[in-house]
Amino acid sequence: MENKYFKTKNISYILLALLFLISFLLIPQKIYSDDDGEDEIINGFISAIESTNENTILSITDNNGVIYDIIITSDTVLGLDNAVGERWIDRFSNDINESIKRLNDQQNMLSPITILHHSKYAHSITTKNSENLKTNLNYLFIVFALAWLSFFGYLIYLSRRLLNIKEEIKLLKSK
Amino acid sequence: MKITKLNFINIFIIFTGIIVVIDMWMIFVWVPTEINQGAIQRILYLHVPVAWGSMAAICIVAFSSIMYLYKKAEKWDRIALSAAESGAIFGAMMLLSGMLWARPVWGVFWTGEAKLTFSLILFILFIAYLMFRAYFPKGIQQKRISAVIGIIGAIDTPIIYFAANLWERAHPPLIAGPAATSDSFISQNIILTLLFSVVTFTLVLSSLIFLRYTLRKNEDEIDLIIINKT
Amino acid sequence: MNPFKTIWNIAKRDLILELRRKEVLFTILGFSTLVLSIFVFSIDVNTKETQKIVPAIYWSAIIFSFTIALGRRFSIEIENGAFEALILSPISKDIIFFGKFTSNFILVLISSVFALPITSILFNINILKIEYLLLAIIISFGLSTLGTFFAIMSIKVRAREVMLSLVFFPAVTPLLFAGVDCMDKIIQNNNFSDIQSWIFFVLFYDAIFFLISLLLFDHILQE
Amino acid sequence: MKNQKNINLLEVSQLYKSFGNKKILENISFEMGKGEFVLITGSNGSGKTTLIRIISSLCSHDEGEIKIFQTSLKKEFEIVKSKIGFGMHNSMMYDDFTGKENLEYSSDLYGITNKKGNLKNIVDRFELTEILDKKIKYLSQGQIKRIANAKAFLNNPKLIILDEPDSGLDKQSQEILFREIIEEKKLGTSILLASHRLEKWIDIADQVLFMKNSSLINVTKDRKNLIF
């Protein structure tokens, strides 16, 4: 039973090569084509909030006094901390009056705001809580401690086993 | 002074140790704190090199598995095993540093963000390779099947990364915070430290692989001696 | 000996075997319905929020039931050496893979098509459209390619079910992403262009792993 | 009956196999010509089954060379397999199929032309008619063995490899098996048989190979005083 016409092995090699070629041409650029330009960041304080019927406009004065008018779209993401410091994260469209209320609090508390926007349409608005960013040094410490603990622990474990085995080999060889 | 196998490794490990100390100094002292995120941004100098390390580890596993299937030489199988073990540790660190970075900055441990999903699946792949190998009865078939898993896992890695990106594009997670644009703020020193850390962690990875390789070799040697004895 | 006839022979015999033994058939059909009904009890179904997670429930039910079925599928065939009879017969190893793959593909397809109406009844969403069938076909293709490969590979391993799922799930997550996301989009009846990139991705995934399994199949058969 | 030296059907040279740190086969070499009956005997667990599995490419070996019909085992060897009949230790059949369905499945796999006629001939030769229509799982070990042995003769092979075909068989079916093997031997089919029971096989064997703690001794000549 000679299945020469079914030489799947070399057919699969050719098909595999072809497929890699097509995939590199076709899929990636379709995906990454809609990545439109760089987003900019503004750090500053909320000076005024006007909400017209179709969208809400925030005017922000940044550290050196320049005033920007930022338009909040439906999918802008808000990450605002209240006085106690708990972070509240939600999309603007999910709960508009709650978001407006929170933005007003931020305005009264004059808390520093970081806005990530693309040609005036805001992607995300977050409280730049620099003081509690300092406090999370403990996360930094935990990560580095765990990293080095695991690396050196593994290293020591390996070298100890290596030494034991070396001795055993010497013992067995001498016997 | 004849450089025997063993003390070559010692020199290599001591050298890596020195490089690591310099790297730590650079990360914690030399590089300025990034204005946007503050101190927590220094996790970048651990997260990126470790991610690069686990990627390199899965590539080494794939390459040595293919060579083992092709050449049937024991040496390739040992490299695959050692790369997988160190890769698992690097994968765990990648996952951990990713999560502990997300917590202070985005306020949540886990989001649908592509990199986090990808590192979790990569970590599970490593664990699957090691567990499958440990539970399979010893012998040539065990080595051959582990090589096959290594190859499939490695081919799967870019595909999973791709799928994670597509998934993130379809379900954008609620990342409210400057971390989302951490890479838009790279100054000169930050790039230098990052590169140096990548070099350091590659050295750490290779010394771990080297050590595990020699250990594996000696284990085989003992088996041979026992066989000849009986 | 026409190879396609042998492939159909192997697949047909496997399916007859499963019909008689009913063990894998119950897992494929019964278990996925069980998983779906567990979710129905645990969440209140008719709010708009829960509609969003229906695709996730559907696809995880399919993948769970398939993994368990895979664990059972080859166990008896191996114990009394029937699989070795296949290896010893004068057919090339690729044909064995095709045959086993076809029977698994048909089983997964039955399971996913069978679970569609159940999901639409339990979660009262209308998901009986043609696109779902196309989606189910291409994803079942990917699932059964890797499923057959891993099932045959993990015959001799201890704690086989756990090891099989430990290796199978990470490899199949891209399909899970694609299935859930496409279904989500079809439910909100967006146009075809949204899920086009996913469809391309799944086709690429199926082709790649089908060929890789073919190339590596010899290595996992040799004892 | 010495065969012509040049065409060796099966050649095994310097075969080594060890499992973990236990040696199973050491420096096994033997040849087998056309129409020869070779008996491999030895106590249980002396490596007979492993040797058979290695020869039929079910199991890999560490060193050594195996040639069947002059083609080495490494190359794709389906064409060769169509001329070989295998009767392994386990039944190699599906429990939920009846004996008849199992035999039909094998003839499909071997691509036998007139399936019906060939099957009928095998069934008559091995007198299986009454146990053919029950599912394998309802049959006794002996009956399953009879069907498995018949399966090895299904594709009228040039070489038949049988591993413990007589275990669990009653007197009467042993007679049938013995008669069929002599029949095949006359037609020029060579047979490789591994068994730890000697009585009948030893008289008709052209070569007797005795396996003792993982090595092979050719005792064809002084087979009479074979004790182990």
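By letter and in written order, the chains are A, B, C and D; residue numbering begins at 1 in each of them.
Basically, a residue touches a chain if its C-beta (ideal position, glycine included) is under 8 Å from a C-beta of that chain, and two chains touch if they have at least 3 such contacts.
What you are looking at is a predicted structure, and each value in this text was computed from that prediction instead of being measured.
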Chain closest to the assembly centre - both centres taken as Cα means: C
Which two chains share the largest set of C-beta contact pairs: A-B
Between chain D and chain C, distance of the C-alpha-averaged centres to the nearest whole Å: 39
Whole-Å separation of chain centres (CA-atom averages), chain A against chain C: 33
Mean-CA-position distance for chain B and chain A (Å): 20
Chain centre separation in whole Å, for chain D relative to chain B (CA means): 51
Shared-contact residues (touching 2 or more other chains) in chain A: 1, 3, 27, 31
Residues of chain D whose C-beta touches two or more other chains: 60, 78-79, 82, 111
Chain C residues counted as touching two or more neighbouring chains: 1, 90-92, 197, 201, 208, 212, 222-223
Complex contact set, residues of chain C against chain B: 146, 149, 153-154, 156-159, 163, 166-167, 169-171, 173-174, 177-178, 181, 184-185, 197-198, 201, 205, 208-209, 212, 216, 219-220, 222-223
Residues on chain C engaged by chain D in the complex (per definition of touch): 1, 6, 9, 13, 17, 20-21, 76-77, 79-82, 84-92, 222-223
Parts of chain A lying in touch with chain C, wherever the complex brings them together: 1, 3, 6, 8-9, 12-13, 15-16, 19, 23, 26-27, 30-31
Contact footprint of chain B on chain A as seen in their complex: 27, 31, 38-39, 41, 75, 77-79, 87, 89-91, 114, 116, 123-126, 128, 130, 132-134, 136-137, 139-140, 142-144, 146-147, 150-151, 154-155, 158-159, 161-162, 165-166, 168-169, 172-173
Chain D to chain B touching residues, read off their complex: 18-23, 60
